[in-house]
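Supplied in structure tokens, the structure appears directly below.
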Amino acid sequence: MSARPFAPRVAVPLLLLAFVFVVVPGVLALTGSGYYIRLAQLTLITVILTTSLNLLVGTAGLLSIAMVAFYGIGAYTSAILATRYGSPFLVNILASGAVAAAIGFLLALPIMRLVSIFFAVATLGIAASFHTIVLNWSDLTRGAMGIPRIPPLSAFGYDLSGPFASYYVIAVVCAVAVGIVHRLTHSYYGNAVRAVREDEDCARAMGIGALRLKVEVFTVSAFFLGAAGSLLAHTALYISPDMFQLIESILVLTAIVVGGLGSVPGAVAGAFILVLVPEAVRGLGDLRALAFGCVLFLSILLLPRGLFGEVSALRLIRRQLGLGRDGGRGLGWR
Amino acid sequence: MASAFLEIDGVCRHFGGLRAVDDVSFRVAENELVGVIGPNGAGKTTLFNVVSGALPPTRGAVRFEGRPLTGLATSAVARRGVARTFQNLRVFPDITVFDNVSVGAIGHYGHSLWRTLLPGLGRDDSRRITELTWQILERTGLADHAQELAGNLPYGRRKYLEIARALALRPKLLLLDEPAAGLNSTETVELARFIRALRDEGLTILLVEHDMGLVMGVSDRVVVLDSGRKIADAAPDAVRRDPAVLAAYLGSEA
Amino acid sequence: MLDVYFVQQLVIGLSVGMTYALVAIGFTLVYRVLTAVNFAHGEIYTLGAFAALIAILSLKPPLWAVVLCVIAAGAVSGFALERIAFRPFRRFTDEASLKSRAVREATLLSSLAIGIVIREVIDRFYHGQYQTIPEAYMLDKPLRLGGVVLSSGEATIIAASVVLLIALQYLLFKTRTGIAIRAVANNLIGAQLSGININRIIVATFVVGSILGAIAGMLVALAYGSVYSYMGLNAVIKAFVAMVMGGLTNIPGAVAAGLLLGVTESIAGEVVTSAWTDMVAYVFLLVTLVFFPKGIFAWKL
């Protein structure tokens, strides 16, 4: 086995971390605008959403429209815990992730055996049910009125609600999420998941436990979606059923398709597009969904693998330059 | 009395009125290389699919190391130590040769979520999978192609890739589904030598094949099917001279 | 003796269920032929309703003319939809290419995208507000049929749906196009070998399904009076559930499922508040997927 070159494998993550934790806040501090900081926060939360969904849809090949349900479960869990029981943020975010993961696990078991279209339909039902439940179960969720006055971010007694403090909290959670998803996809575990995606029968014949893998991926994805929901609750300080409609699932799905299914950089790119494009067209009014419909359509037509899809020009270029190759490890799927 | 390594016991597989496999029984002893042949439509592929767990038998059972194999899910069959190849070559075309073979190794060592996430636990497995994969690549002569995309390999090499992937599962029993299909005579001879070598190294092999030359050349024993029934089960020389076998073949092909 | 009120709810439920069934048929036809889901089908329903609205407001024609406009609108939309969201993604019409995973995923997303675009464009035009059908055209006169009180709209829905189903049967079994559609749906290779032009049949399937969907939209608009950009969404989810309950490829099954759904929702509406009746569909979906993975009404055609 050849020695792995130090440079690309460790340098890239370090650069990214430096960018997110040092460069961006630095630039934001210079602009002095609360609006841009808020935008950066939103972008990072969206990165968590796209990365988690990409693990499920891109790497595992499970087309799921249920994202918004787990996001919402996380948000509502935190909001309810915080407003009713005064529980602190750190407990809330873990609870949100855990509750979303638990519900995800329980739902995944029955639906995972379904053929792909049925599976997608089931996830559609999950998202639709979530919205109906949250809208009508007023005792728990206050229904259409939503939950206001959610306590802002704080930890160990320190108030972390300031714009930069919040940014760092979100950035940390985002880094953890992306790091874990990256680890899963760039490992033999990821190979196994992709084998199931490419040819499930063949993977099974090779001793891979396909069902178990799919349920695991679904659960992990739900966990991070729930955690993102908690971040949303504690930064937006108000949540309502309106914020968790089916369209949100579809928008995030669009983002990862455009960014490139199955690749972590693709998910990040998708998140950026999802947040920044509406900002760019802000002058034209509330055209978010329309713009996205067009972007989705054009992207499917012209860039079937998305911007940073698993097999794309950029990857071939990177390979030529010797970047990101794993030497002897040879994990070819990116 | 030791139970046979692989026991095919009264297996029947019907499709509506068609008896694709009709009461076939035979045994494969450990470290034997048994070839199953027969004219077109004899039921070889159906029998293969029943043995490998892809199809349930209408009647009868398949036992491996004394325990029933029928009724097990495909992945359970693989984990018992029974690996198979596919006649129509199902390698994963868009990824490297290395990654293809690694799938078999992953099947062998398992894929644990926690061990992947928690650094301390996972490293060993990862290393072992890598080592096993390289080992198999060397054994099958694919080490030089490790970083190539499987889809770009020439057809003959892809055959070896398919076998390599199955070998990475470290199986006790290897099921080969028409391995010589599509190969020219030189390639077939080379493949025959390879399969024979695998058996010499201790593997038990059951092979379903159309090419008489390959089967007669490598097998310890040959089972002949015709119209779903077993008509011969003996050493290659005996089968070659068996009138029933000749009749079956003359009746349908050269 | 059956409680008259119960019977009334039943009949109302049947009319609602019929609309689900009409939309479900369009879905099912496309699925059978292409093994693809047309996520823009709900927007065809919406377009049917808006076509009726526009025809009424601009031309004030007699009712039968409105129907013709809607049929035309449905046919054109179906044709356009196929051209834009489905045709570009298929290069060959043999079975493997037509129904390959890549094509199915691409068309799923592309139809989703077009659906979003259509809905948003309608929203632009009408500023997201509900539109109402003028009183003169609304079918809301109460009818008394032996103690049961229905609106004429609901009765029309049931009657029209029955007529449409009969027409569909005729189309599928007695006309060349219809038989070709069934041939392609059942056995693509055989159909190709018989010289059937696959592309044309695909277009025909979309057109037929869209006409049904558009008429369903028109009927609902005329019966209940309001037209809005996302009316297709709700109908589509219910129709989807009906299709799944019917085993995805079974038209009579989808119709039966749609009716069951409508009736159950109607009766449930007496027990729980109307918002929760939406859950009926999701419960049916869950039950079907978990306990009847091949569909509840999935008898072999």
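Chains: A, B and C, in written order; residue numbering restarts at 1 for each.
Keep this in mind: contacts are C-beta pairs under 8 Å (C-beta built on N, C-alpha and C of every residue); 3 or more make two chains touch, one makes a residue touch a chain.
From a predicted model like this one, the values you see are computed outputs, not experimental measurements.
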For chain C, the least number of touch steps when starting out from chain B: 2
Chain occupying the middle, per Cα centroid: A
Distance-maximising chain from chain C - centres being C-alpha averages: B
For chain B paired with chain C, centre-to-centre distance based on mean C-alpha positions, whole Å: 49
Approximate Å spacing (C-alpha centroids) for the pair chain A, chain C: 34
Where chain A and chain B are represented by their mean Cα positions, the distance between them in whole Å: 42
Where chain A touches two or more other chains at once, by residue number: none
Chain C to chain A touching residues, read off their complex: 37, 85, 88-89, 101-102, 104-106, 108-110, 112-117, 119-121, 124, 233, 237, 240-241, 244, 248, 273, 275-276, 278-279, 282, 285-286, 289-290, 293
Chain C-touching residues of chain A, taken from the complex the two chains share: 63, 110-111, 113-114, 116-118, 120-122, 124-125, 128-129, 132-133, 135-136, 246-247, 250, 253-254, 257, 287, 289-290, 292-294, 296-297, 300-301, 304
Residue numbers on chain A that touch chain B, as the complex places them: 1, 180, 183-184, 187-189, 191-192, 194-195, 198-199, 201-210, 213, 216, 220, 310-311, 328-333
Chain B to chain A touching residues, read off their complex: 52, 54, 73-75, 77-79, 83-84, 86, 90, 92, 94-96, 98-99, 102-108, 111-113, 116-117, 122, 125-126, 129-130, 134, 146-147, 149, 165-166, 169
